[in-house]
């Protein structure tokens, strides 16, 4: 029950990133009593209409039990590693006082993903737990997860959330089989039925 | 067609290790015209009768197209990191002149697996390509594969081989789903339908 | 309250290793309602009488709230990486069904410490959380902790436990200042007053 | 004959980078029947006239058997990590459908080199083989090659190509001895007469 | 007496960074006869008046025996990874011909710190010794020092220097206890009373 | 002049290992006024008569200016990772009080080499500087040197020492060209004519 009464802030580069990387964990956190907040740094304008993408992600997060969904407007594919962006994240931390951050890994081939990973490292220096989730674009030669959340029983709910992203349905990693394979593989690594895997940026057990 | 006309020597700690880690690759190599030789360092006496296990592995390798199957008799669960064991492997190298070694990773939680990984590193110093396959026991916090073999189309054949190991059928990682999940996950990391993943000990493109 | 209702098995090479590496964490776990079991693989005969050392460690662990203290009798300074030793640890796991293991790191300059780290990796493959603590002999060029337990408020109790080891009081790292410096430094890395640091061998949040 | 019938796209930051890092490999690939395309991201204006440098590199690549030589015009010493630059590389991938990329490593002390390494990681996510070559400026404390191409017999041709860069002939690493030393050292690491060494970004054996 | 007759150039992002990371080492170097030059890339305007911060750092460095204190004017919290910044550092190297650089690590959570680390890697490629000091913001999961300077006997002088930074006295890591804990911990790792720890970027013993 | 008035203890697995890894450094140390002691853990009986090998190494070390040459008698190719072996090394440390250890790397494919690396890590915990030299058998995928000794001007003397090993003259890495290539390559990495490269196990600048 690590998530009970905790505030979890999930930060993704684009609509669908948070769901893909940590949808099962978020749903589990909500079930355990966490307050989860979702923040997307862009509105995903490179691959579809931004209003549509925001609607899809809002619906997706609602399915996972997340009410507080925020969208910043940094440029899709060109999120800057700027003070403005760091400060933006710091304001969320100051306002919501998260106990746990779920965000991108710096070991990712997508430029926006790794930039968000670096921004989070700067911005959330006072948050006790910062975890970096696995996107379909993490570097296979560098991403080494050591923290796993058992999401057995929550995989279907994760799929329900992912399937909101109708505008992105040509992405092969947004297929049901991809999601199940990943969850099953990560589960098999640690002896459970299904898991999401995270790199630890920082983890303090208070 | 990297395997055409090559000699591949696969070295596993126990009957079933080679198939699990590289069954698809071996079948592919045979299809492409490689001569594949399988060597098991123990006879797997800890979990079943050794004769039975040898029969199962021989049958399994035959299904993959491997005729030359050898069994040494080092003690199961206590393979030594001895000169005798290194020398044993060197003799295989001198006799068969392999171009490619497929064997265990030193980043494995099973003591026999990592010992074989170290023995191979000592013994096969003159072989141009030494690749370490993924067992169900590799260390999730350390195993970082960078070499992937596309085994799309060969997964069913791998399953046919694995299913020879009737004596081991309580191992959960010897289930069809486990095999498919792993192959699909490793494939998804590199954009193909199914793959086996390897750490590179040494790789020379001649 | 990660430790509430959990079974924690702490495994050290010698009397005093567990206390040094995780005394604060153990006391905290006990306070939160965990059942903690301590196992020493040797009786520390190289530096003092074994009966004396066992008495000291038993007293030390009692102070931390640990009632179940076990001593195996592997040779001090020559703990083997044998099946017998792995099996010994597996028996403890089968009997006590631990949720969390606290043990040595493989990244340690002391041969016994790193052997116990490897033994634990083999033996506790089915335990969801395996954490490697920091001994005074970890390799400064390799030990990279990512998991920290806030032990603010428990440092004096840790000292009380450490000070039972009268027979070892010439070891400079068994001084009060050493203990406080380490706890304060590890705390400062993660923004708390005092902490113990661990490498993650495996961590599943169930 | 890994290169037979393959399309190889080599991407360097400045005229002379491709030749230095992979001149022997490129010549070998051409001999084996590959189509090799060379792309320079800048025209090298910081150290000589850009027309001169383009002529030198074109001549150099022609000697290696490369007909298709392209020059973008990103600013020398300030190649941006921008979407424009990523997109530029993606267009080459879409047009030429490379099987193999040869480019810079992210573990390089030259800012342009490592930027090209990161750009390539983003842009070539769908190319099966991405290899990072060794420049004279790679970080000795981080560059760890695991893939070696035997260039025995091709070293003189590499020198012929390098010696086209008359405008750069004060660079000590453009000396014959430097080239031979590097090739011989990398060869000695893997038991051949001469080699070029690469980090693997991604390698799929199809 | 490694510092005797050497030129040491210390480069920090903000006033107080150099003192924090290497104040003891600098004082020791001065005592041994080194010429030490301090360069701050910003004037620290984000946290106090820049004139005040420059006065504080100048006074602080004077206490350590450093007469040559320079301030560039790159924007605090937004130091760019630009050619201009690299060139700025190269000019210092050309003018002062340093034997040893002391600067930030690329493994730091503060964006300015890691940028300075990367700039230094580009700019000081011809300096034989480049060492990266430990800031209070280095990444606990990545900073691995292997070079330690014994500063036993110099800790009080370091404190004298740090205490000049009156405008920053709310930073918890600028407390006496923090400084002593860090120095004592790093000392204990290598068996001395107090030490400062560095990552090696490059180290040539001439 | 880091070596002036220092005691250097060089520990190799077999006759010729010390010379190969650090012959230039040792000669330089002697020139600067160090007392150098050489210890071979085996007598190299696997590849020639032990008396002959001891004579060759003694002569070789004498050429480098080393008078104190010791030979233990651990079994060639089977050096144990035992307390006896650790204790043996500790006795040398207690007797000779070395300031600097030069020995094998744990990242070596030869079993004896890496065992000596681990033994040294245990035994020399109180020596301030422990450096691991580069053998012809270090793991190319793991050996990452960060400490370099400029041996420009000493390469011919190193060759004079190496050429004493007449009984080993079929080893290709004992050729003049191999030695020069390695020295030149390592030199080129750090901007000097010739260098020997070392991993740092521990380095304290007192």
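Each chain carries a letter (A, B, C, D, E and F) given by its place in the written order, and its residues are counted from 1.
Keep in mind that, in the parts below, a contact is a pair of C-beta atoms (placed from the backbone, for glycine too) under 8 Å apart; a residue touches a chain by one contact, two chains touch by 3 or more.
Fair warning: this is a prediction, and the values are worked out from it, not measured in the lab.
The set of chains in contact with subunit A as well as subunit D comprises B, E.
Over half of the residue-numbered contact pairs of D-F are shared by just one pair in B-C, A-D or A-B, which is A-B. One simple way to say how far apart two chains are is to compare their mean CA positions; for subunit B and subunit D this gives 34 Å. Along subunit F, residues 125, 140-141, 146, 148, 190, 200, 202 each make contact with two or more other chains. If you check each pair of chains against the touch rule, the ones that pass are A-B, A-C, A-D, A-E, B-C, B-D, B-F, C-E, C-F, D-E, D-F, E-F. Considering their complex, residues 81-83, 86, 118, 121-122, 125, 200-202 of subunit F touch subunit C.
Note for the complex: subunit B touches subunit A at residues 136, 140-142, 144-146, 148, 172-173, 177-178, 180-182, 184-185, 188-190, 197.
Those residues of subunit C lying in contact with subunit A across their complex are 1-2, 125-126, 128, 146-150, 190-192, 195, 200, 202-206.
Those residues of subunit C whose C-beta lies close enough to touch subunit F in the complex are 77-78, 109-111, 137, 139-141.
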